[in-house]
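Letters A, B, C, D, E and F name the chains as they come in the text, with residue numbers starting at 1 for each one.
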Amino acid sequence: MAKKLFDYQLDEAVDGFFLLKDSEVRIAKNGKKFLAINFQDTSGEISGKFWDASDQDVEHFQPGKVVHLKGKRENYQGNPQIKIQQMRLTQPGEPQDVQQFVEHAPMNTAAMEEELNQFVFEITEPNWNRIVRHLLAHFHDAFFSYPAAKKNHHAFAGGLAFHTLSILRLAKSVADEYPHVNRPLLYAGAILHDMGKTIEMSGPVSTTYTLAGNLVGHIVLIDEQIVKACQQLKIDDQAESVLILRHMILAHHGLMEYGSPVRPHVMEAEILHELDELDASIQMMQTSINHAEPGSFTERIFAMDGRNFYRPTHDDTKGELPSE
Amino acid sequence: MAKKLFDYQLDEAVDGFFLLKDSEVRIAKNGKKFLAINFQDTSGEISGKFWDASDQDVEHFQPGKVVHLKGKRENYQGNPQIKIQQMRLTQPGEPQDVQQFVEHAPMNTAAMEEELNQFVFEITEPNWNRIVRHLLAHFHDAFFSYPAAKKNHHAFAGGLAFHTLSILRLAKSVADEYPHVNRPLLYAGAILHDMGKTIEMSGPVSTTYTLAGNLVGHIVLIDEQIVKACQQLKIDDQAESVLILRHMILAHHGLMEYGSPVRPHVMEAEILHELDELDASIQMMQTSINHAEPGSFTERIFAMDGRNFYRPTHDDTKGELPSE
Amino acid sequence: MAKKLFDYQLDEAVDGFFLLKDSEVRIAKNGKKFLAINFQDTSGEISGKFWDASDQDVEHFQPGKVVHLKGKRENYQGNPQIKIQQMRLTQPGEPQDVQQFVEHAPMNTAAMEEELNQFVFEITEPNWNRIVRHLLAHFHDAFFSYPAAKKNHHAFAGGLAFHTLSILRLAKSVADEYPHVNRPLLYAGAILHDMGKTIEMSGPVSTTYTLAGNLVGHIVLIDEQIVKACQQLKIDDQAESVLILRHMILAHHGLMEYGSPVRPHVMEAEILHELDELDASIQMMQTSINHAEPGSFTERIFAMDGRNFYRPTHDDTKGELPSE
Amino acid sequence: MAKKLFDYQLDEAVDGFFLLKDSEVRIAKNGKKFLAINFQDTSGEISGKFWDASDQDVEHFQPGKVVHLKGKRENYQGNPQIKIQQMRLTQPGEPQDVQQFVEHAPMNTAAMEEELNQFVFEITEPNWNRIVRHLLAHFHDAFFSYPAAKKNHHAFAGGLAFHTLSILRLAKSVADEYPHVNRPLLYAGAILHDMGKTIEMSGPVSTTYTLAGNLVGHIVLIDEQIVKACQQLKIDDQAESVLILRHMILAHHGLMEYGSPVRPHVMEAEILHELDELDASIQMMQTSINHAEPGSFTERIFAMDGRNFYRPTHDDTKGELPSE
Amino acid sequence: MAKKLFDYQLDEAVDGFFLLKDSEVRIAKNGKKFLAINFQDTSGEISGKFWDASDQDVEHFQPGKVVHLKGKRENYQGNPQIKIQQMRLTQPGEPQDVQQFVEHAPMNTAAMEEELNQFVFEITEPNWNRIVRHLLAHFHDAFFSYPAAKKNHHAFAGGLAFHTLSILRLAKSVADEYPHVNRPLLYAGAILHDMGKTIEMSGPVSTTYTLAGNLVGHIVLIDEQIVKACQQLKIDDQAESVLILRHMILAHHGLMEYGSPVRPHVMEAEILHELDELDASIQMMQTSINHAEPGSFTERIFAMDGRNFYRPTHDDTKGELPSE
Amino acid sequence: MAKKLFDYQLDEAVDGFFLLKDSEVRIAKNGKKFLAINFQDTSGEISGKFWDASDQDVEHFQPGKVVHLKGKRENYQGNPQIKIQQMRLTQPGEPQDVQQFVEHAPMNTAAMEEELNQFVFEITEPNWNRIVRHLLAHFHDAFFSYPAAKKNHHAFAGGLAFHTLSILRLAKSVADEYPHVNRPLLYAGAILHDMGKTIEMSGPVSTTYTLAGNLVGHIVLIDEQIVKACQQLKIDDQAESVLILRHMILAHHGLMEYGSPVRPHVMEAEILHELDELDASIQMMQTSINHAEPGSFTERIFAMDGRNFYRPTHDDTKGELPSE
């Protein structure tokens, strides 16, 4: 089976098929053009430079193309990079399906949808149940294919739905442990909290922010969808239950300086905010630790205040119990 | 003509009709009930204590009642207060109209409406013009009667419309001076920016915050009204012009920690934010300075970082020009 | 069965036995002494004032005494208080056991200990297991009887162990959901993270801070106990496993400005910090909501940035599912 | 007529005369010298690199020289740049006047001075009038030729006087709208507020900070000039009117962390501060928007918290009014 | 010898002569006037209330009067207070000199002046020497009699000069230890740094802030005096030595948010700032510790971020050296 | 005598022996390897690039090697650098002792130890004296050879002990001037405050942080050593004197956000913190000023909030005294 990008050791010869995630034309010190490339497969991304690019090269090697690459795995200022020796577009009979090269959620759509429906079933408050089902239907395709963020956490296809599911599972644990928590409210809020990202972002690949995303933001974008859903479902949008549901979404960034127009003032809104942070931070730390050697620190994670994390020498510490 | 509350000097005998703005039952150190009262007329508010209140007194002297008061103007820890000697409800033939005792905007509704319409006329972009007219009609009565805030600036009947007009006049000056400014956008944003306060607050008198106000907030509340208006007027709510108009309202608090889910990223949104602050701060400073003696400092203004302001000895400094 | 403090309605006559939690001598405006008292039973605390206290009264009504009280449930500036009509010490045959009047964790010590031991059993790394068992044995009595904090969250007898258990249950859910998490490390850290409070605080009742608590603080106090334990157990205190365990405790406040000398740089340390916050905030919100009426806001919670929380009109929202 | 720098499209051949604003000798990776140049004309600045510079080239191509340039307009990491093909100094008969290549205020000095004098005429308080006229005379030439800042806003010749005039016009609108505002004070403060920049900065071109600018700063530098002016004009520098005028200047940065030794405690000082910000921010936004394409965002503006601004697709939105 | 205020124990009868530092008329709950008094002698201040004050009492017991007092030393909410039993103005033959009742610097003026002159002698740079001597002469009386602050540190007669001397002694130690430090500059800056307080404050007793203090502040007030001094002494006020000296004063608060218009950018300015903080904080801590019992914490010190300080059980820890 | 690195002027030919402090392999734009080098001798460090490095070059020119270098002193973007013309390892008979090329404290170990012992002698409290002597003996070699920090202040061999001595000298001045200061406590705290750096850092050269340093930090690391010392010396580690000594160390960073788990709550702890800052800042400023030309500003010092400092034209300002 073909080696992945991160399977190659330092100084090892690289020979395989990879996706051009980014490919940007720049001008070298000698005045000639070169391409600054990010190669991608499901193991991650590594950069490389294609020197002395002809106009034809520039035209061929566009982002989204799959290429056959020969080169060498090197290191540049502590980061891995590929020294390109030979590169060409794939030919008929060779791998060309972009989907094989991008990371996906670790579950497929059908499985995620089935698990999600179990949670929807437990939203026993009628207004919340109807609004959630209405919006899930409306944004179905985007919700199950988009990433949860352009970069940072869950930045892979299906990441939005997977992040939502992870929070729902944590929410279930919390509702089981703290009986006063309003389970239907927590589930409804969790399902909707990031759904506005399907409007804020351009799509599942080569994701950029839309004008609505830049000028309005995903929090308010989904809030307005709830109001519209109420109109279509003939639900009074000033009903207490609707105001509380909207508050769940509006407050879920926790602090106003992070974009929530109100801070959490309902218990379940505070819990949703904390679970959102918990899942996002575990996913970010885990991703970074996967790329670090045992006994070393990860790269600094921008979205966690620039902290780096230590990967212990022995991840699995299941020794024998002492018979004290 | 009858003396106003702030016309009485220290130690002067007070005799007149006043509104009970607040009247709260408390228990004195000797175990008896007393009423902590705020008397109000159009000159402002002064507190007083009604000792040894009987159950009948408590029942009679409710907030919103007009009373005849005899007492003395005293000072308590630097603040004016009334020592109550005699107090009774007004009788037939005496002043009873609450409206005569509360502060109003310095223009009447008709005049404000007429001036506002001149600005609406200059909103030449069709979507903006239709949305503004639709919402002005929808919230007409509240818009022209509500205060602009529960306390702080423009906290008087009609204050919301008057604050809006003041900003529009400043906006006109700015648009006249800086020709690249989009005048229709600035006017449309100015008219709508605080209209959500008609949903956020309970009414023009004894104002409290509604549940929607507490859980959603006036910025998002009016944003949703724009979206609803688009649906009724068959305007595409994803049109660039609509997104920009919504951005004007969403961003007008300037900083996210002040409740704007996005910071201003359109020139006119930044200008609207700065003019909003300018008008609010002038109104707050002027109100405080009116209650200070020449040559002294005002009380500290909470909403201006607790600063106090010096009232110069000579307000009007129009001396003779030197013939240097 | 006897009524609890919070069972009495406004203006209802109070007649029962209560604990004097605090009782402070002060001087009234008339120059006489009075006692500022906090009455306590398992439903909470309410204040009251005992006027014209004689020297004998001062001597009798000490904190920690149980009294028979007759009076009236009143309101003072929005807070409940008791108007004292008659008060005397209890007599033989009447309730005198202080333990009946203080709040306890909702589980008894034996049950908590048993559940905790299940978690200890899963700490399969030998160093961690031995250190945890050693310190649990050493601080056994205090650990199961102290509150988790002087005020704020879990401020009741047994609160420290109960808070620890709640975090362990959340930790189990997280370890079940995220397989890369080092379960033994997370459990060991959770059990030890607040154990230093048994040194920081004076005891389970009338809790104050010790000099060691004020000058060193509970985070460093338990860290030093780990080092001492290593010496007694002949464990190398520079071993990676020990450094990581100590880091779990040192970093658990998350931010240095909250007293952690280092921020979390190990994944499980970050998770422990977030779970600690989650459990503490749920407990604080739940306690406040219990004292608020449905459809109203709680008092502001100091330790949650002064936020208040809305208690919805219907806590239990288990309506019928719509058959859409 | 000759094309300006910003008239050239991407990949278009460049051929014209430009000013060398900056020209810095550096060493390339191949060990040879090159010049890092900023070309300037009245449309703005664009960078370029002159490779393999001989010692003679270094000597010739000094900042402040006008050159004839042949090259190509390219893009480097999102920013425009010039690929230099041929470059030589101008010869007799070709453009050599530096003034033709630098940006100027949109009004000439005479017009600015005349308009300013109208405002001075309305400063009816004698002390303020005399101080303002004295300092205007003293700093006349620098005041009308300096920029308002080294970079950021109004960074062009005459920018200081033009910025002052813009604020005066806004001040007039405010004084017209709010009758309690002390117009002479606001005008006097506006005229003097940034005059210290004539001491803080080295001159109108190739501007650097003087030692006095670095160690004392323009706010205190002009304050001391007011004190000196008082001595020469025999005005008591402890008179209330003088203290208030000095306060206007000292407080005009609004916040102490921005360099004001006192925050505004006089109403007109607060207004001056807000108008100063308003004019500066409009000028910065307008400059950036001029360089952005319709339908795109500007570059981030450092002095506005790094925000970028959206230039709408249609700047001029003067459609037909709907006949609703 | 007469007992001092702080010599009396709790519940001890008080009988002696004291200064009325403050005496404010207030209205009691029963409607009668009372005086809220601060008694002062050289041991400190204690408050007391004079009930049922007649108009004559109000007239007699003015701040600044010396009285004969009989009463009792009590405690009110943790703070000492005097229960007044009898109070009258002093009669001929009894103590009446206010100076005997206020705290003074621990050195007399002559001694301070002599020591200061030694430091002036070492200011060998001619400009600095002449400016310092000129201003010392100009502000001589105020400089040696004013406090260093209205409250907080060195708030006693002569405190300004004494604080200056303490810094000079520290400065000498630093200059002795770090030979590169410019000793004359450090001494000149230390002597002038707070001299503006003689203009900022109203006088040595019953100190208030002047209008110049409020609107300009002591940092800029002394800066202008240096400029004026230069004019009188025919020193070029743009000379580097003068700019650096002015920078010493302008920057001595260290941070702009504490009122320095520039931060320290000269080594000696940074040192002066740190020594100023060091002396002020030691004086504040020492004053608080003097009023605390051994083995307890002081009251919280507002100007030190509200921290309290522990007074160890044994202040003097000069035990025997162990013969290990 | 041989020229030092900083003795060479711009464009002067360099010829001498230097230490390779850092030597990092990188890949040039042309795909070939080069070495990014920092040359060091006792005058400081200067960078240079060794182009077209062969595999043998990479192997030879390791950090820690002494080389003979021929090249030229150039400038790159304002910083000095060496253009390498010829470079080879030293041969027998040429300088090879690394110690001759690294900076040292300006005193030798013996002199520092002797002076330190004088201070230890004055620690008259027995517990403190024994703990200090015990730990000084335990960490003797590292304490006298380590730097005080990896970079920033006192980053040279012996810097830790020298920084400690400088603080002790300042502490002596303070204790002499303020008689209430507890001298033995201040000395004991000063000696121990940074001793944990011997565990936090890897060694005196090529210093990195240890795992204990990263996960625990030097403040807690030395605190634990005090506890261990108590066990060995049979001192009660809960004695007040021990708690206070530990507090001195724990609090010495002053603010919790700088890594102190508690802020100073003992007077001597606050003083130690301020003296630590004072010595560190003087050392950093002095080092930077030594590399700046008279009449210019230093580079920005990261650890002093990025400030730069002005080096006056005349450092030594010992002019003639004016005979005024």
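Some points to look at:
Simple rule for what comes next: a contact is a pair of C-beta atoms (placed from the backbone, for glycine too) under 8 Å apart; a residue touches a chain by one contact, two chains touch by 3 or more.
Note that the structure is predicted; figures quoted are calculated from it, not measured.
With chains reduced to the mean position of their C-alpha atoms, the one farthest from chain F is B.
Residues touching across the chain B-chain E interface largely differ between the two copies, under half of the numbers being common to both. Distance between chain C and chain F, defined via averaged C-alpha coordinates, is recorded as 45 Å.
In terms of their C-alpha centroids, the spacing between chain E and chain F amounts to 38 Å. Shown for chain D are the residues in touch with two or more other chains, namely 29, 211, 214-215, 240, 244, 265-266, 297, 310.
Chains touching one another form the pairs A-B, A-C, A-D, A-F, B-C, B-D, B-E, C-E, C-F, D-E, D-F, E-F. By the touch criterion given at the top, residues 28-30, 51, 74, 76-77, 83, 297, 310 of chain A touch chain F in their complex.
Of all residues in chain E, only 26-27, 29, 31, 211, 214-215 touch chain B in the complex they form. Within the complex formed with chain D, the chain E residues making contact are 211-212, 214-217, 219-220, 223-224, 227-228, 231, 237-238, 240, 243-244, 246-247, 250, 255-262, 265-266. Residue ranges on chain C touching chain A, taken from their complex, read 124-126, 128-130, 133, 166, 169-170, 173-174, 177-178, 180-182, 184-185, 240-241, 244, 263-267, 270-271, 274-275, 277-278, 281-282, 285-286, 289, 297, 304-305, 307-310, 312-313, 315-322, 324.
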